[in-house]
């Protein structure tokens, strides 16, 4: 098993290394190697999931780093949530690798792209398998790094340059808290190993503190782009679309939720409540922002944010299993939609504005229908995958916390509105630009993953269809929710939500639409509010440009003035002054000099007369 | 009559053979100069060097093989010989050889008489040797004045230069002034000492007959009369006289002017030998006759040392004329050495460690100074006094060996590892710390840091590419044209550079001597 | 003298002799000088790595000891004593690696009067190797200064803007620091009166004799500020960025990477284990000064526009972490600081090396005038990204472990948590300046300046001659990052054995209570003595 | 015996010394400066003789002998210097001696 | 007040007055004259102190040789009074000098007074004729020149020889400084 886990981890690293060192100029070989490694990953991970003692938790560790009393081990912990994520990562990962073959076919820097993907797979698997917080942190940073690399794929555009920088720095802010959290956890519990932590935390509940939980949750906030660190994710869409699908929708951002699940036992009630509330608000807020986005990927990005808010809310409600469940289904349908959008973008020669699309359903049917499945799934249409997980969250919220429920429900309505808006604008109606007129269906490398994902988006909600190992962690919470009352009532409310959204979207966007957003004409103030995204970017920009940078420059000037100037130069100046004074004594005149002798003699005699301890 | 004859019993002239040989050699040189034809006057210079080298060789042989360096006295206790005195003899002889070598170059370029120069140099050296062995104030005074009277004409030796003459006059006036201070001090001490009523606790039976002006008696006298104002003033005035010699504040004021005007070899002679003699004398006094006054003198010394260090270094910073700068840096070095003297006063009875530090320092200072002055002596300037930092621009490109040797010399003076100067300073720090002279230590640290400015400012000129000159009208004359026929001087400079380096990492016999 | 000892001595002597050789015989033959230089730097590098591999990490004393009693002043206990221990051997190897890389960079640089340049660099290298190999404190100090003189000359001869005044300023500043620390060292030597002036003997005599708490505090203060100036402790740091900006690449690499570690090495090996009470007294103040390094200098780094001055400021900022590690006075913190020293030495020299490459390709160091370089120089961009991420502490590179362990050591006591929080802000700050530089130099569209430069000069990617020195540094950096245990073992064993003093802690003070080795207690409050007595009774 | 005590002589001697010193301070003429130095030495001589006479010790008197020798030699050298300088500069005033200065 | 006292005061006035006038006189020649007066005054004091040999030496060496040398040089260099160069600075420095010198005299007074010499702490003892010429390592005071001779030739042989060399050095020095330079003639 250890060998399997190790090779699982090393395979993508090896692929990345080989690509980086030898295959920089041979993009196609690099692509194949990378896809092969992704396939290998799937194989190895299924071996890990379904292996011999699969019903037991597999853990193994060895010392990696040791200083003083502190010992860090390099270890694996493959328990039930890990298995779920492992499945999602390796499976979706493979599909996206295959999709990339088509999508990136013409890209010059293919090797760099696939190398980056491999590094990402390596780090993501690392997070999944890690058995302690520090290791998680290590891979946490590494996924950030690979995300940075991949966002910056089109580095010669200023957009990508800024977005990659922003993504990493904002993530660092989250990691800052995470790091502090880990350190304080170590000194509180005496270990960072997850299993030992859970034991200790259960033994002595008094050790837990809300502060600590929130610090650890900072990691989640940064990586999962939750409020107030959500600003990087929409910008991160500057990267290639498959990357958005893999990293910024299906796996990496979800790692935040996975982290929460891993350390669930540390959380206090207050912390959970806070996270739940923040998550639900995020769900609503992101949906609101998504309403008026013109960029197809940004709509999806905000939708991702919103869905991540749902997961956080589920976790906050004390239903980590449901959160993981939604993570899984979301991975399927969101990856599906991103890949679909990728297919569209690819077909339309990198046109991303949805108002320049239209009527693509006829030109690229596979993409259109699979995309529709995704839209339906995310909107919570009954018996599609999204319905199960999302309804479970809503039902749980209804029974556990009504405030959260009402926010989430509003969010659900918004979800279906903006999703159908997206669908209608892109695929229905007439073509609105040249690039979309010339669009043709994408190659099989791209459509095949779409179809697979569409199937999963349809059936992925039936947990009983999955092998037991994968859904082991979900089951208790699913059955807990299933036993909750008001199930029917919730079904009806759900129906209202998605049908209402559908109708609303149809009313506004369904008919013939020009390049201007109809909502802007009908409710301009609302539109303004939505496009402004509640001024978060402006506030941050203001902070960076008007407060941080001037302050730093001010510090520089102060250093120049006080340390360099006053302290260093000042003392040199004083010395120079004395030097000039000393020099001025040397007039070269004998009668001036003899005064020194008189004064010296007088001084010596005065010392003899007055000084020196006459006893 | 027999009473008097008793005194001549221990007039052991053989004890003074190096001094006598040197003095006779000096006379011999003068005679050769007198009776040789003009073309052969160069012979005098070579003969002087050869003579002194042979003497030094014999002296060293004598010490190393025949080895009679036990403490003894002669001339009715007027001289005391011992290992330290012998060491100083070699020190002065070494310095004298260097001065002669430098002098030959100087005299050749300035077309001056060689015989008189070497005569005076050797006489001065003999005087310095005697000075360091004197144990009686009269001998001390007479030897001191002999040295001074040989120095006055040497400083003014380049008669064609007004600056040299002017420096000579200044040196003479202030030398005379300071020797009157010294004399007054001696007289006051004599005044008390000769009065049996003031002897106080000195037991008359054993000491009644001791020579009043001998160090030994003065020591006893001071011990018995620590608070006598007359004695205190005497002691302080004697120290004032010596402070002039070593260039310690506030009697340092003459230093830059005299160094500036005198011929380069004599500047070196003043900087090394004269100063070393002053220090040795000071050590002899504060650890000998003035030992019992240590407690009284230490604060005074502390003040002088601090003031000297800071003044010397700060004033040197503003100088671009090299000789003045070196003079002022010499003042600062005197300050450092004064700290060691203080330390030796602190370790009453166990002062050898500090004394050895001073010896080591002086030797290192000798090597470094002669490297620096030697290279300066190579430069051919219109006026020998006008060495400026600017003359050294780009020396590294023109003459690497000279530049590198000079760098070693400067670095050693500045106390930069791995050169001897650093080890000397380290030992100084060590001793000062042991003696708990914290204030002086702080002053030393500040002083060394300030000194980096002017030393490295010089190094900068030597090594770095010269700044572009904008006024092309007065293109500086290249002083580094006559580099041929250096011979001995080149050998001297390079040897000393190597020695400075070697002492930085391997102290050899000095390692054990402490 | 066995093989290892020959290597140890050789790594100091070979560069020294080569320098002399070049200076005397090949001053005008740059081809021959280059060949000698390869040997002069290759030997210490190989020897350093070989000795590092062969050092027994579980030996608390010194391996490969080499002792010449007759060299040095016996009265001060100075001997010529070489040896490597767990702390010094990685630094020793690091010095060798950076040295070789700097040498290749120098050979590539086509500087005027290359043989002289190489000779001076070899002198410096000899000093650097000697510095970490010295057991004797006098020679440790001497080698440092020995390496400093060439620095002065090289900055002055081959430096950039304002080189004349900056060379002098740096030298004065550093001499001040060196002298203050020398004061502390002399004080130690005098007060302890150990038979030898080296690390083990001093430790031994301290254990037997002990120093009063007040004395320890004073000496520690001297050492701290003396070394602090040398390591650019806030607010004595202003020399560093200015100097590195001006200095030629190889000098910046060696100075920032290796020579600057002198002071920290002194604090780790000497000041903290020998003067625990001093460490504990000064620790809290040091923490705030180190925060000054991290936050203030970090902020200033962000505001920099010149690439080299940004790297210089950044290196000063990261020195703050090392100081933090020392300030907590625990074996964890100290070992972490050593880890960071090793890694930082590599990463910062790599940065300077790459800055030089960038300068060659864009003709400027002002980041405003750059942009979009990555399209032509992908390999350079890769290296620069690696160096940047190493600098800002990405896991996988050595720096991360050092920084992380330092944070960890800070978290031990609740009183330090505020400091911990503030210090951790540094990871954000360093990310900001690192990524900004990356984006401004390599990403985005090409600047006008670059375009006009490109008209005259063809911009090529790194060639193999340039890749080798860069990868020479990058590989060990990755090695430390991926297998930290490789160097942490030796460091840990060595430091833990000498930092036991700090481990008997007293949580009430927020810091371990000082249990000074001394039997003489003059300023310890009575209550704490009683408390410790009570604790003993309880046990 | 007499009302004039050795102290009177001593004080007189010191006054002579001080006046000589004053001359060194005051006079710009190097010739007079040298004379003032001689005056100082005279004061010292007087003190020495006084001490020698008081304590009936001849050593002091012999010391005076040496001092006189030295003083004479010093004056000779000093005057020679002065004459040499005068030939060059046509001045014996200390104001004019500022060639060796900053 | 007996004769010796009167003589003391007379000679003291001579020497001091001569000194002061020497220091203050404008013309160098008159200064030299006052200097001679002062020196003669001191010589007379030597006589009062029964140091006859030294008194003679003082007259011969100082008043005779040295001062004549001075006068020669004064004539040779032909300098008049330092006229026209009186400036404010000179006045100020003169005043400052006077102040400092008076401080010096005051401190000398303190020293002399406090050490017990004034007020007859030590007093004249008569010279014992025919006493031991040598007491221990010291020579006893004597008015005879013979004692001087013995002392110089035995105990002070070394300093005497050194002063011989001293005079040689001075002589060579004077020659160096004043001999006509050969290159001038060439």
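A, B, C, D and E are the chain letters, set down in written order, and residue numbers restart from 1 in every chain.
The criterion applied here is as follows: contacts are C-beta pairs under 8 Å (C-beta built on N, C-alpha and C of every residue); 3 or more make two chains touch, one makes a residue touch a chain.
All of these numbers come straight from a predicted model, not from anything done at the bench.
S.K.: By that same contact rule, can you tell me which chains touch chain A and chain C alike?
M.R.: Both chain A and chain C are touched by B, going by the contact rule given at the top.
S.K.: What chains do chain C and chain E have as common neighbours?
M.R.: Under the touch definition, chain C and chain E have A, B as mutual neighbours.
S.K.: Going by C-alpha centroids, which chain is farthest from chain E? Tell me that one.
M.R.: In terms of C-alpha centroids, the chain at the greatest distance from chain E is A.
S.K.: Identify the chain whose mean C-alpha position lies nearest to the mean of all protein C-alpha atoms shown.
M.R.: Measuring from the global C-alpha mean, the nearest chain centre belongs to C.
S.K.: Averaging over Cα atoms per chain, report the distance between chain C and chain D in Å.
M.R.: Chain centres of chain C and chain D, defined by C-alpha means, are spaced 65 Å apart.
S.K.: Centre to centre, by mean C-alpha position, how many angstrom separate chain D and chain E?
M.R.: Computed from C-alpha means, the inter-chain centre distance equals 6 Å.
S.K.: Counting only Cα atoms for the centres, state how far chain A is from chain D in Å.
M.R.: Measuring from centre to centre gives 96 Å for this pair.
S.K.: With chain centres defined as C-alpha means, what is the inter-centre distance between chain B and chain E in Å?
M.R.: 30
S.K.: If a residue has to touch 2 or more other chains to count, which residues of chain B qualify?
M.R.: 138, 142, 145, 149, 152-153, 156, 159, 168-170, 173, 177, 188, 191, 195, 211-212, 229, 233, 257, 319, 324, 453
S.K.: At least two other chains touched by the same residue of chain A: list those residues.
M.R.: In chain A, the residues touching two or more other chains are 583, 586, 588, 590-591, 594-595, 597-599, 601, 605, 608-609.
S.K.: Name the residues of chain E that each touch 2 or more other chains.
M.R.: Chain E, residues with two or more chain partners: 93, 97, 100-101, 104, 108, 110-112, 114, 117, 121-122, 138, 151, 156, 159, 163, 166, 170, 173-174, 177.
S.K.: Which two-chain combinations qualify as touching?
M.R.: In this structure, the chains touch in these pairs: A-B, A-C, A-D, A-E, B-C, B-D, B-E, D-E.
S.K.: Please name which positions on chain B make contact with chain D in the complex.
M.R.: Within the complex, chain B touches chain D at residues 138, 141-142, 145, 149, 152-153, 156, 159, 162-163, 165-170, 172-173, 176-177, 179-180, 183-184, 187-188, 190-191, 194-196, 211-213, 257-258, 260-261, 319, 321, 324, 385.
S.K.: Name, in rising order, each residue of chain E that touches chain B in their complex.
M.R.: My answer: residues 110-112, 114-117, 121-122, 132-138, 150-151, 153-159, 162-163, 165-166, 168-170, 172-177, 181-183.
S.K.: Would you tell me which residues of chain A are touching chain E in their complex?
M.R.: Its residues touching chain E are 591, 595, 598-599, 601-602, 605-606, 608-609.
S.K.: Of all residues in chain B, which touch chain C in the complex?
M.R.: 353, 400, 404, 411, 416-418, 422-423, 426-427, 429-430, 433-434, 441, 445, 448-449, 452-453, 456-457, 459-460, 463-465, 467, 504-507, 510-514
S.K.: If we count contacts the way the header does, which residues on chain B are in touch with chain E in the complex?
M.R.: Touching chain E: residues 1, 3-8, 11, 23, 27, 30, 38, 75-79, 111, 113, 116, 119-120, 123-124, 126-127, 130, 138-139, 142-143, 145-146, 149-150, 152-154, 156-157, 159-160, 168, 188, 191-192, 195, 197-198, 208-212, 214, 228-230, 233 of chain B.
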